[in-house]
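Below you'll find a set of structures to go through.
Both complexes shown next keep subunit A, but they swap its partner, so subunit B is in the first and subunit C is in the second.
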Partner chain A sequence: MIWSDHAAAAADTLAEHKEDIGGWITHHIQNSNAWHPFPGVDIHLPHLPAINILGISIDISITNHTVMLFIAGIIIISMFMFLYKLKNKVPTGFGNILEMMVLFVRDEIAIANMGEKEGRRFTPLLITFFFFVLISNLMGLIPAFSTSTGNISVTASLAIITFLSTQYFGIRQSGFLGYYKGLVPHGVPWWLWPLMLVVEIMGLLAKHVALTIRLFANMIAGHIVLFAFLGLIIMFKSYAWAGVSIPFGIFVYFLEILVALIQAYIFTILSALFIGMSVNPDH
Partner chain B sequence: MSGLSLALAYLAAGLGAGLVTIGAGIGIGKIAAAAMDGTARQPEAVGAIRTTMIIAAAMIEGVALFAAVVCFMLASLS
Partner chain C sequence: MLNLDPGMMFWTWVTFFIVLIILSKLALKPMLTAISNREDQIRGDIDNAKKQRDEAEELLNQHKELMASAESEAQKIIKENQQLAEKTKQSMIETARKEADKIIENAKKEIDRQKESALSSLRAEVADLAIGAAEKIIIQKLDKSEHDKIINEYTNSMPKSEKN
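Let's look at the complex of A and B:
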């Protein structure tokens, strides 16, 4: 069959470049210094010198995922600037979807989990989280773009924002001592206090680490599964496998759209819960 | 790394991924079953039940993904 010969030749080309399926997959999901929008097109991104802060050298050069973050920001800002007309009392077209999502985040996530007053206060933060995570997740599913939320640094920074806001608003609500005393549940005998405080502080950190890992691993895992299905064609050196791998790939793709929405929702609702727990300390 | 220890690492990654899947499947299945019970008994509480179900499932998923990341790290040894 001429087709299987061609597939074998493609697989041999991959082998010549010393690439296997694993290397191909990691190349597609990891951060790099070049952006490949189309096959054969390489946009080399500037490499900036590292800066030193307190003896730690930080690499601030612009990478693939940084560009994706910029694009996500531009998309969100332009969506709300140009597609949502504040002048119209009744939104039309795409503005309807935006208004529905914003109201969903405000009523079902913020107010339902943090109470009427605090919910309205933290709605802007939560809406920013929701749209940023959603757009970044969905951008990974469009060819020529990559998933910036599939980079652990990005999700860690988002979780650090949640962590710092729980600490800051919790301390402002009930005072420094009051906040950390409120971490330990009521009714604990006094001799258990040192142990419980350590356990509760570890739990506090673990919650936010879990927030990081959840988003990161979900996005990475979906892309790995997608590429593994497509890699079957190259692994078995026959185009006939496309009949299996393409339908499964499309199925995983639609599952990924669902996961992108659910993960944005879960990230936002867990942030709302954590912030709500620290600003409403009475339970 | 020597061949035997690499082989053992890959074996551990595969076994670990399977065990993680079993655990997460049992956990999320129990949550979904309880949520369905609850909605069947009290259909008007469907919104609150769904929210708490998704949160609990996300917690279990988070723990499972911790383990899955460990499996990825084992599988990417060379």
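Let's look at the complex of A and C:
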């Protein structure tokens, strides 16, 4: 029973540090000022002086998730710059997969939801959304990295980009008054207009809040479940629980790969839909 | 966990827009252009191939029509020639028959003529003989012995039958 003793000792160590399983899970998914790539290794990230924008002091210190975003950006750019060879008329290997995904975003997401002309115009934005979210999602599944899309600030920022794009391109398409008039459905009696306008603007905001919460909750839920399954070993102080929690953990891991792809797809297609609705007001 | 962190949002926007700008300027623009160029080329190639196939089919049809017309032409010519040969044969046979009839007619006429002349010469001979005999009878009619003698002479002068 040396195993159970060991497990009990590990649990006791945790207890000594005044950490319960909940705290352990929260620690793993939360943003922090240090990056823990491996147990015992702490990389302390630099503190930057706060900057003032419009009188609001913003702490722009580099955090764990910021580093993950940077790495995701570097991965995406190097993927497109070094693994896709433009000279090859017929793409091979990884370039083929990349091209397939780009064409998928262009044809099935952009053009399918925004029409031929607008779809081609917004394809670069949507491809960036897709790969940014996809790579960030998948990075959370690699040991030593964490999910930046499991941080609500990141998903909110992305949804705000979509929101501002809908407003900006919508107003540019049909004019300030024309755009907000277009929000109210046709055939509504004039005396309902004030009410309908309020309802439609609330709906507009709700759509983007939902976009934020959907991605954030999906990404964080998988990680919580994964850690909870592994935490069972510590909680019950017995290695025997590994027989249950490891298979379930692996199952959740594969489920997470699926969720990462699906959420990247959903985020991109909804962004395409929202922007498409604002630039094609008649449809 | 649900608090929005302005610093995080700031860095998200910075990262996102840097990635967006670099990606769309350096990678996506040439990539999408290359892809759409390739698509256009493939579409053009397919259209060309289709057009060429249509042309080839049309040519094939023309050739088939030509072959069919040539064959019918040949058949017509053969038929005409057969008719012509038949006609020529008929007319040759007709001519030959006429010729033959004419020759037969001529031969018949010649035979008749020959017969006529033979008969007339025979008749003249017989008349001469009869006149000669009559002369002899008239010259020697005096007595019976003389008479018998003449008859015997005459009969002896006649050509002998095979029996004697």
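The rule we apply is simple: the second predicted complex is superposed on the first by the 283 of 283 C-alpha atoms of A that agree within 3 Å, B and C clash if a C-alpha of one lies under 4 Å from a C-alpha of the other, contacts with A are read in each partner's own complex, and residues count from 1 in each chain.
Following the convention adopted for this analysis, a residue touches a chain if its C-beta (ideal position, glycine included) is under 8 Å from a C-beta of that chain, and two chains touch if they have at least 3 such contacts.
The model shown is predicted, which means the values in this text are computed figures rather than measured ones.
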First (subunit B), second (subunit C), both or neither touched by A:60: second
First, second, both or neither for A:265, with subunit B first and subunit C second: first
Touched partner set for A:248, first subunit B, second subunit C, both or neither: neither
Partner chain in contact with A:239 - subunit B first, subunit C second, else both or neither: neither
Partner chain(s) touched by A:156 [first = subunit B, second = subunit C, both, neither]: second
Touched partner set for A:81, first subunit B, second subunit C, both or neither: second
Residue contacts with subunit A in the superposition, subunit B compared against subunit C: C
Subunit B/subunit C common contact set on subunit A: 26, 220
Partner subunit B, residues of subunit A touching it in the complex: 22, 26, 108, 112, 210-211, 213-214, 217-218, 220-221, 262, 265-266, 269-270, 273
For the subunit C and subunit A complex, residues of the former touching the latter: 1-13, 15-16, 18-20, 22-24, 26-32, 34-35, 38
Residue ranges of subunit A in contact with subunit C within the complex: 26, 30-31, 56, 58-63, 65-66, 69-70, 72-73, 76-77, 80-81, 84, 86, 89, 99, 102-103, 106, 120, 123-125, 127-128, 131-132, 148, 151-154, 156-158, 160-161, 220
Subunit B - residues contacting subunit A, complex: 47, 51, 54-55, 58-59, 61-63, 65-66, 68-69, 72, 76
